[in-house]
Every structure is written in C-alpha cells, then in structure tokens.
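The same subunit A turns up in both complexes below, where it pairs with subunit B and then with subunit C.
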Partner chain A sequence: MSEQKVTFRVFRYKQGDTAPHYDTFTVTVNERTTVLEALQAIRRDQDGTLVIRHSCHHASCGTCGMRVNGKEVLACVTNVLELGTPTVTVEPLQNAPLISDLVVDMGPFYETFSQAHLPFVRRSEYLPDAEVAEGVPFHMRFESCIECGLCVSACPVVASDAEYLGPAALAAVWRVVQEPRGTEVPPLLDWVNSEHGCWRCHVALECSEVCPSNVDPGGNIMALRQELVRRALGLSHG
Partner chain B sequence: MLQETRALHPVRRRGWKGWFAVRKRHLGYVAFALNRLTGLGLVLYLIIHLVVLSMLARGPETWDAFIELAKSPAFLLLDVILLAGILFHGLNGLRVILVGLGIGVHRHKELFWGLMLLAAILFIFGAWGFLVV
Partner chain C sequence: MSSYHVVIIGGGATGSALAHDLALRGIRVTLVERGEVTSGTTGRHHGLLHSGARYAVKDQESAKECIQENMILRKIAPGSFELNDGLFVAITEEDLAYYDDFMEGCAVCGIPTRTLSREEALRLEPNLNPEVKLAVQVPDGTMDAMRLPLRFLATAKHNGAVIKPYTEVLSFLMEGQTVTGVHVRDHTSGKEYDIGADIVVNAAGPWAEKIARMAGVDVPVQPSPGVLVAVWGRYNNMVINRLHRSGDGDIVVPQRELSIIGTSSWVVDDPDKLDVPEEHIRLMYEKGAEMIPALKHAKMRAAWSAARPLIGSRGATTGRELSRTFKCFDHADEGVEGFVTITGGKATTARAMAETTADVVVRKLGLDIPCRTREVVLLPHTAYYTQ
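And now, the complex of A and B:
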C-alpha cells in the first residue's frame, strides 16, 4: 500500500483564547486513511492537546461531524486522498457553541431535536415481503437520523437566525407526523408552524446535500409545509 | 450550571455573511445566495427609482436632463444588468415557491436549469431591445 505525506491545516481554539488560529501538521497517509484516523495520528504523535470527538468509526454515531475543506462531513468515512487536495483544512461545525478545537457543544442541538419526540426506531420499509417472526408485529429499524448536526452547520438560514428550529428537528417532526406511534401530532405541528419553524426555510437544500444518512431534511421540511397547508384547508384526516 | 458553561462558549455563526459563503456548496445554496444578492440589488434599485421619480417635482428641465442621461450607453448597460437581476430573481423565486410548496423538491436542480434557460432567452431578447432597438 503506497503512502504519501498530506498537510493538515487544523482549526485550533481553547477556552480563553482571544481568537482561533490554524496549526499545520504533516501526516503520512495511505489509500485507506480517513480524516479521523489522520487526526487521531496527529493527536497521538504530534500534539496531544488536539481535541477531537469520535466513537463508532463507521458513520453510525454521528459524533465526528466536522468541516473538511469547507464541507460538512463525518470524518470517520471521509477518505483523505479522495479529497484530492495537498492541504486538508479541518474545522469544527458552524452554528454551534465551540468548546475546543474541533469539538462543539451539541447540547443546544439535542435540546431542540428532542422536542420532536422522535423514537429511536421506526417501522422498516425494507424487505416488505420478509417473513416476520411470531409475536413480532413488523420489522423495525433504527431511524435514519444519526443526530450529527451536519445539516444545521450547513444551513445558511441557521447562520443568520439563531431561533430557527433547523433542518434536523423539522425533519424529525415530519417523521413523527408520518409515524406518530402514540405521540400527539397537533402540538408538534403547532410548534413548527411558526416564523422560526418550517416556513423559515429558504430552499437552499444544502441540508439534504450534506446529510450522511439520506434523511433528506429539506424534502421533509417541504412535506411538513404541505401537511400544514392540507390541515389548514381541512384536507388532512390524520 | 450547564447554561453558565455554555455562555462561555462562542458560537461560530456567520450571520448574513453565511448567505454568500458558496464555496464548496451545491446548486441550491448558490441559487439561494444569488437570490439574496439580486433581491438586495432590486431593493436598492427601487430606492434609486423613487429618488429619480422625485426629479419630476423639480420641473421639466431637470427631468429632461435626466432622460438624456438615461439614453446614454452606460445607463442602458445598467438597465441590462437590472434586467438580468429581475429575470434571475423572478424565475428562481418561482422555483423557490414551487419547491417551497413541495412541488418538484427532488427535481429542483432540473427546475433551476430549465428556468435559467428561459431567463437566458428572455435576457437576450430584452438586452437586444435595450441596446439595439
């Protein structure tokens, strides 16, 4: 496996700093090295003070979301050499409180998201003809959203409206509307039917572009709008 | 305690500058940025237009002098730029309305290019009308 050196320009910020800055590191990578692995190598071999967050290494946990070369990605599944740039710039997500280096405080994101009351699992749409075991009503799967916050970082409306509920929470509400499973839907629709709710979206749809789980937040926001219009016209029976 | 800790953390929010941070972004974001830019341009034009109309109150000499200026090639070029802004904002706005109502959400890029083709055709005719006819 061939190896080559790649320069990493890494965003640095510690509590008390007057302003952030960038540090440059050189890392030897191969065809399989991910950005997360390179950052771990920097932390291990060059600068132990570099703060990063990660867990699963396979795009399931959503904790390693960051901006690589100006685009929101999960660092664990972003191949360094496939980026095709001699210097890789790594920054934390935008529109979230910055804790240190590449780590942001996801607390405000979770607070908003949790108000959607989205369950962790959903009825599976895959393999509809698959045999279901006795006593099991239907196959289930985990919800698609991994709560990584990439969509919120990429949204230009969140950038200028701190009160906007954001694409992740709105998409979660649409999922609950689709499959309420005991959750009261009207209060949720009242929550999103507001100036800073689903009507605030201006259709940049970057959320759907950066989403690593095919949640399609932009599409879900538009579906929410349609549902609200249907209900306003008395056309919805849900 | 959590809130107190959070208050110390700065939020990296670009504000209105974020609208125009189109580098590495996709078509929908670029269209959003251009829509904002042309929208601001049209608001500026509206203000200038109202100021120009106020010249009517200053008598025919002032107005006639302005009309002479308005016929100059440089001024007509500004009209052509205005036409481009109106066409982009209007037709992309139509796309935003349709997609915003859930129509063609997953075909929004094709919708954009189709409407921009229409904008280009109208622009050519309009610019020809301004500069040649």
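And now, the complex of A and C:
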C-alpha cells in the first residue's frame, strides 16, 4: 500500500488557557488510514497530551464525533486521503461545552436526550421472513442512534436557541411514538409540542446530512409534526 | 463509607466493574484512565455476550465463567442486549466431526444447547450457507461494547466513585516496597498531582505490564490483537459461530445495523501500535462468507484492531493457545505491598473479575464486606453523563 504525508491542523485547548490555538502535525498515511488512526498516531509519536474521544472504531459508539474540514463526522470512519485536501483541519463539535482539544462535554446532550426515554433495544426489521428461534421473544436490535451529537453540532437552530430540544432528542421521541415499548407517549408529545420543540426546526436538514447512522433526524422531526397535527385533528389511532 | 481509598488504573470493562463493586462495598474509589473510558480494548470488541460455547471444548474454565456471567448480566443490565441467541453451524464434514466434543463440552460447562436440522437452521437464518449440515442453538447475545461498561461506571459514580478520564499515571508513589498512590497528569489541563491510596489496582488490560513495571513488578500479560471487520446491514439476527475449534473469522455478530466479522489473532509487544493487516481483512471476508455467503460482497463500514490482554507466556505466537480466563495478582507475593493487578478475561466476565479482585482488596484492607454485584441492577448508560 502506498504511503504519503498529510498535514493535520488540530484545534488545541487546555483548561485554564486564555484562548484555543491550532497545532500542526505531519502524519504518514496510506489508503486505509482514518482520521482517528492519524490522531492516535499523533498522540503516540508526537504529542502525548492530545485529548481525543474514541472507543469502538466502527461507528457504533458515537464517541469520536468531531469536525473535519468544517464538517461533522465520526473520525473512525473518515478516510484521510478521500478527503482530498493537503491539510486536514480537525476541530471539536459545536454547540457543546469544550473540555479540551477535540473533546466536548456530552453532559448537556444526554440531559436532553435521556428525557426522550428511548429504550435501547427495538424490534429488528431485518430478515422479516426468518423464523424466530425457540425461546427468543422476537428479533431485536439496538436503536440506530449512537448518541454521537453530530446532528446537534451541525444544527443551525441549536446554535441560535439554547433551549431548542435539538434533532437527537426529537428523533428519539419519534422512535418512541413509533414503538413505545411501555413508555407513555402523550407526555413526550406534550414535551416536543412547544416553541423550543419540533416546531422550532427550520428544516435545514443538516442533521440528516451528517447523521452517520441512518436515523434521519430531520425526517423524524417532520413525522412528529404530522403526528401532532393528526392528534390535534382527532385523527390519531392512539 | 469506609475511609479506605482505592485507586483503579484503567477505565475499561474490568476497571469499570471493579469501581462499581468496591463502591457498593462502601470503599472510596478513584478510577483514572489515560484517555476516554473504554478507549483501549473494551470498546473495540465484537460485542459478543458469550454463552461460553466458544470455549466449551478447549478452555472450560473460561466457558463456565462465561455462561454464569451471561445469566447474571441479563439480570443486572436489562435492556442492554440483543437477545437473539446464537448458532454454531457445521458447514463441512470436518465441522460435523467436532459436534460430539462440542456437545459434551457444553454439557460439562452447563451451557444449554438445542440441536437444529439443516432445514430448521435455514428457516431461522436464511442467509446461512445452504451447505450447512446442522446447527446448535446457544444463549449467545450482542452487547454494546461501550455502553455496558458505562452502566457499571454510572452506578459506581452514583455510589460515590470518582471517575477521571484523560488522566494518565506517570509514576507510582512508594514508601519503601509499599505503593502509596500514583502521580498523574490531567491531560485536559496539563496539571500534575498525586493521588494517595491504600491500595492501587492495575486494571490496564494489555497495558498492565507497562503499569506494573512502574512499581517494579513483572506481570505476564501478552497483548494479542485481532482484526475485526464491520459491514453494513444485518445478514443474520442470531450470532453465527463456526462449529469448530476457535479460529480466524469464525464469528459474525449482528449489532445495530451492522454485522461484525471477527477475528484474527497474533501477538505484539506494544498495544499502542496495532496494524490492521490487509490480508487479515480479506481473511475475515473469506471466512465469514463460508458461513454466510452474502458477506463476500457486503459493503465495509470499518476495519480495526483490538488488543486482548491475555495472561502470557512469552513463547506464545498466535494468542489462540492462551486461556481466556482471568487472574488476580496480589503483588505482596513478590514483596510489593498495596498493589494488585487484575488481567486476562473478557468483557462478558468483567463482573466476575471485579468480584475476585474486590475480594482480594477488602481482605488486604482487613475488612469483611460481601460482594453485591450479582443482584444490584445497574443504572442506564446515560446516567454516566447526566450525574
């Protein structure tokens, strides 16, 4: 596999710094190197103080969300050379408190998200014709949302309205409406039926564009609006 | 809460479960982790909730641990698993020849099994290789490799444990031959400081040897990486394993909207330097497709390596010959007081590893407090971030 050198311009900030700055590193990459692997190489070989979040390395945990060349991505599935830029700029997510370097505080994200009470396991829609094994109640899988926060970082409305519930929580509420699994739906619909809820969305759809996990938050927000209208008109099935 | 303070080095599955166990026993706990929690090995495994059947023939100690912990985890972490069970599939005559040993091993280890005909297996999993001879159903499942340990950490925090990610141990504090704490750097601020401890526990997984050396102790850990490949889509609902001795590319774990094909196995000295060899990626596709032919053309989502922390013997070459069980070392045996290492094991057995280690820790502190982690239901993973 051929190798080449790529320059990384990395956002840096430590608690107590008066302002953030950028550091530049040169990393040798090949056709398969991901942005996450390049950042790990920087931390291992050049600067052991670089703070990054990562865990699963296959777009399943959602921890390595960051902005690469200005766009929200998961670093673990972002190929360096496919970016096609001689310099790769890496910055933390927006609309979240900065902790250090490329890491933001996910506390506020989860404060809102957890209020959707989205169960972690759902019915699987895959292989619908397959029989279910003896002793297994139904085919199940984890929810698609990996709680990475890319949608919240990319959302222009979150940037301007700190009280906006944001695309991740709203999308989660829609999933509960679709498949309640014992969760009470009416209080959740009341929660999102507000000026800082699903009606606040400008339909910029940046959220669906950056979502790495097929959630389509923008589409879910539109579905929530339709559901609220249906219920207001007394057309709801429940 | 007792006045004793224990510092845990490592925020993987083991350290997380240990923080939970000790906090429940009323011990003050501080857990330090160099990076984000679960960023070393834990987050990168295939997500298998082991039934133990993979080890039922060759590594029965580990197999028994797995089935016991599997049943406990279902109780203490409800809602955290895809519980579709697993199949061990015989594709060739050679696989079929392994059947009797496999069934006997499962019986000895207490792993429930149900043998399915070719037709029954194909009705459950239509994408299986039509050459399949028979299949055995076992209670495998899928976990989220990061979020299960987050539930241990969330509960530990709730019970008073202090969790410090991005905090790297630079050296040990020692008085003579007794460990009295650690000197750390908080990478979010650059500040260095000391944390005093009555006991320090090394739960650094494949980094355990490096950590132990700071206290002048040798721990026989052999970092053994494996390559995993995630492809888009679910080709199976149940975990599909090859019915034969553990080998390369013999498991497909469906998870969320992905299928994870694993794994290969080799050994390295430095767990920070893990390649993802191209030929291993190809091998995962090839071997995976022997069980589920459609995987051959599945679209790749990611390929990565993770280093298992196997209890070493320096002569190991592939890592497959090393047991998947765990071991707790009280380094008083080597003349160093106040220092314990826990290593080996698997994500499925992390709770048991923690119980064994916490038993050693409280005994060293002269206490007699029983373990409660078999019964206490864990907080949801989101609580790790919201408290």
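Note that the second predicted complex is superposed on the first by the 238 of 238 C-alpha atoms of A that agree within 3 Å, B and C clash if a C-alpha of one lies under 4 Å from a C-alpha of the other, contacts with A are read in each partner's own complex, and residues count from 1 in each chain.
Definition applied: a residue touches a chain if its C-beta (ideal position, glycine included) is under 8 Å from a C-beta of that chain, and two chains touch if they have at least 3 such contacts.
Being a predicted model, the structure only gives us computed values, none of them experimental.
A.B. asks: Just to be sure I read the superposition right, which of the two partners does A:Q15 touch: subunit B = first, subunit C = second, or both, or neither?
C.D. replies: Touch partners of A:Q15: subunit B and subunit C.
A.B. asks: Is A:A223 touching anything from subunit B or subunit C once the two structures are fitted on A? First, second, both or neither.
C.D. replies: So A:A223 only meets subunit B here.
A.B. asks: Should A:F113 be classified as contacting the first partner (subunit B), the second (subunit C), both, or neither?
C.D. replies: A:F113 sits against subunit C, while subunit B stays out of touch.
A.B. asks: Taking the superposition as given, does A:H139 touch the first partner, subunit B, the second, subunit C, both, or neither?
C.D. replies: second
A.B. asks: For A:V51, select first, second, both or neither according to whether it touches subunit B, subunit C, the two together, or no partner.
C.D. replies: Touch partner of A:V51: subunit C, not subunit B.
A.B. asks: Who does A:M1 touch here: subunit B (first), subunit C (second), both, or neither?
C.D. replies: A:M1: touches subunit C, not subunit B.
A.B. asks: In the superposed model, does subunit B or subunit C contact more residues of subunit A?
C.D. replies: C
A.B. asks: Looking at the overlay, what does A:I99 touch: subunit B (first), subunit C (second), both, or neither?
C.D. replies: Touch status of A:I99: both partners.
A.B. asks: Could you tell me if A:L235 is touching subunit B, subunit C, both of them or neither one (first, second, both, neither)?
C.D. replies: A:L235 contacts neither subunit B nor subunit C.
A.B. asks: Residue by residue on subunit A, keep only those touching subunit B in one complex and subunit C in the other, then list them.
C.D. replies: After superposing on chain A, subunit A residues 15, 99, 107 contact both subunit B and subunit C.
A.B. asks: For the complex, which residues does subunit A have touching subunit B?
C.D. replies: Those residues of subunit A that touch subunit B are 15, 69-71, 92, 94-99, 104-105, 107-108, 154, 156, 158-160, 162, 201-206, 209, 218-219, 222-223, 225-226, 229.
A.B. asks: Enumerate the contact residues on subunit A facing subunit C in the complex.
C.D. replies: 1, 14-16, 32, 34, 40, 44, 48-61, 63, 76-77, 99-100, 103, 106-107, 109-111, 113-114, 119-121, 124, 126-127, 129-136, 139-144, 146, 213-214
A.B. asks: Which part of subunit B faces subunit A closely enough to touch in the complex?
C.D. replies: It comes out as residues 2, 6, 8-19, 21, 23-26, 28-29, 31-33, 35, 95-96, 99-102, 105-106, 108.
A.B. asks: Taking the complex as given, what residues does subunit C use to touch subunit A?
C.D. replies: 35-39, 42-44, 47, 79-85, 114, 123-127, 137, 142, 144-147, 166, 168, 185, 187-190, 228, 230, 233-234, 236-238, 254-258, 260, 272-273, 276, 278, 301-304, 306, 380-383, 385-386
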